[in-house]
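Worksheet for the structure shown next.
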Amino acid sequence: MNVSGVITITTDFGHKGPFVGVMKGIILTRFPRASIVDLGHDIPAHWPPEAGFWLSRSYQYFPKGTVHLAIVDPGVGTERHILVVEHDDHIFIAPDNGLLDPILGAAGPGEIFRLETERLNDFELPEASQTFHGRDIFAPVAAEIAAGRLLPQNTGPRTDDWIPSWIETPEVRAPGKVSGIVITIDSFGNLISNIDERLLAGMKEPVARLAGKRFRMVETYGRVLPGDYMALINSFGVLEIARAEHSAADSLGTERGAPIVVVDGDRD
Amino acid sequence: MNVSGVITITTDFGHKGPFVGVMKGIILTRFPRASIVDLGHDIPAHWPPEAGFWLSRSYQYFPKGTVHLAIVDPGVGTERHILVVEHDDHIFIAPDNGLLDPILGAAGPGEIFRLETERLNDFELPEASQTFHGRDIFAPVAAEIAAGRLLPQNTGPRTDDWIPSWIETPEVRAPGKVSGIVITIDSFGNLISNIDERLLAGMKEPVARLAGKRFRMVETYGRVLPGDYMALINSFGVLEIARAEHSAADSLGTERGAPIVVVDGDRD
Amino acid sequence: MNVSGVITITTDFGHKGPFVGVMKGIILTRFPRASIVDLGHDIPAHWPPEAGFWLSRSYQYFPKGTVHLAIVDPGVGTERHILVVEHDDHIFIAPDNGLLDPILGAAGPGEIFRLETERLNDFELPEASQTFHGRDIFAPVAAEIAAGRLLPQNTGPRTDDWIPSWIETPEVRAPGKVSGIVITIDSFGNLISNIDERLLAGMKEPVARLAGKRFRMVETYGRVLPGDYMALINSFGVLEIARAEHSAADSLGTERGAPIVVVDGDRD
């Protein structure tokens, strides 16, 4: 694979303190021409599934050969592993805690590697701190891969043994019925589910149920009156509950993790 | 015009989710050498006038030939138009919803174009989603213009027909009296108005009135005691109400949109 | 010194408004190949010590020859000075208000300069506004230094006369006892002190005291049960109080500035 020189970073570090900035300093020290993009640092603390959801639905919009770093890592400093994945012409690096589940589930055999820092002696990694592997391990490895000096298959042994997500992948469990959750809430208060549009393909009139209410499907935000609720397939291909020009999350009092069910309206 | 390779992005997308990051991915895919600057993503949701205010007072500080993307777009997915403007050696791209009013009002004849995506077949835009034109239309068009491959006049027909802002431009309505509003509040709680310093030029002793209080003009924050209120012409050339080392917004309970009147102190 | 072309920016400007973006515009106008990294903009308003703390513990992770801009500047527009420091192969630019204390205390003779803009006529600085020196002075000077066209020693006269921090540097005041404060709180609610690990070197069993509670030292977050408190030396080499998978700040009701004492457990 040809590398693009682009590195994306996704964390739960928030915006206080120099944590992300320092990672960029390490990357630029090793690879001055790196083009670094923040995919987001407002992942809820210690909640890997949201990072994996967004990463799996965003990486396609970056150049092939991009390195994607994702660090939501409550187990930092313990014996948790780090995974390096080469899939669909992109490279992913994250702790082995379920974060990468949506990527790993799609990855083919031989695309997943378990990082062994002792194999990287040529790259002079610093002695890792106990609490900031983002700076001491993830950033240097990402920089060396993005610079084309380190190949994913040279970071450690191939593996098929990884930790799955805390969150079940939605499936069609009964004819005309799909269950999922609110996986994330955006800045507008739109409630974004992990229910892929393909799961609704067989339904004649899908109706979403959330917080005791029913929501009919529309095509876009502008098609209803201000204040109206709606369900729609959003631009990342998943079901979303929105309220036109309002925050659906505030209006419904709904939080991340709330269950959403979609049924075929004809049936109920 | 020579392009600078710089693209600025202004949105109301906030910092949750990968929305801005994905736009940067699209830009870097099409134009790897792009230099992308976030002008700000904390514009209040669905409030175009603040984006237009800041953009019109900030673009001058970027290199000539910079492309400025501004997306505050409650009408995404409906028939609203997109404008491309070439003015004062800069290029602006935004929805036609009043956002660009301060730029358009200053633009000369022949500088404003209405985007027609069907003219851009050579550039292989993706099929646009209903809800994320930032990714599917704005970012690709900005990248192609910034790369020098697409000229503003080739994006669509010239037009003089555009939607004005919701906010009236302040004017001198009576001798020694100007009315405006709090157009934005910064992180310090300073209340920034849309009243340009030129409108106060004829006054001997301008006094601002807001929230039932009167504020005398000073030159800078450091010229008063901590806790004192002041009015001043800020570094963007507009009237601002501040409280030294405090938040004027919190102290006065004032929100965006509040009316400000400036009168000549001699007269009242 | 060889310049790296990298510029970091640390401010208390927050994320509302285009203030940081406009500074980047100025930098890119003067030095198009600049690589600009945000070290952080959530420094508490008008609280220079936190900016100095983070900068002094972060700059080492950037390439040698990097220019570090730090602007927490309640005295903007008054007669406060601006310092330019060349130390440890890095360049620092900040207002002379104590912000740079940790850097200046380590700097050798002849490394500190007091900026005199009248020496910079060749660089055509704009007339400075009263309230936004970040844009009008700091950004242009940083760009010219980072581009290699301006040397620190040409920005003004050498000086050893600078304003110290509001915050005392922690010292070992009695055998087995060190006093400091909570200098900052990160997005996880971890309470980060200004007590360097070297001050604890002689202790057999250091115990931290904060908010009426005692905290024993552990090696990393993952070594205790969720909900447990701990003290640890963090990845920046200072004592930190954390609560596993919780916010210690929220749980303890502790704010920035709270006193922390470390005693040798054997003695008490």
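Quick notes on this structure:
By written order: A, B and C. Residues from 1 in each chain.
One rule holds in what follows: a residue touches a chain if its C-beta (ideal position, glycine included) is under 8 Å from a C-beta of that chain, and two chains touch if they have at least 3 such contacts.
Everything numeric in this text was worked out from a predicted model, so none of it was measured.
Rotation angle, subunit A onto subunit C, C-alpha superposition: 120 degrees, expressed as a multiple of 5. At the interface between subunit B and subunit C, two copies of one sequence, fewer than half of the residue numbers in use appear on both sides, so the contact is built from largely different positions.
Centre-to-centre, using mean CA coordinates, subunit B is 32 Å away from subunit C.
Of all residues in subunit C, those that touch two or more other chains are 15. Of all the residues in subunit B, the ones that touch subunit C in their complex are 4-6, 8, 10, 15, 35, 37-42, 54-55, 57-58, 61-63, 66, 184-188, 192, 219-223, 232, 234-236, 245. Residues 12-19, 21-22, 24-26, 28-29, 32, 45-46, 74-78, 80, 129-132, 135-136 of subunit A are the ones touching subunit C in the complex.
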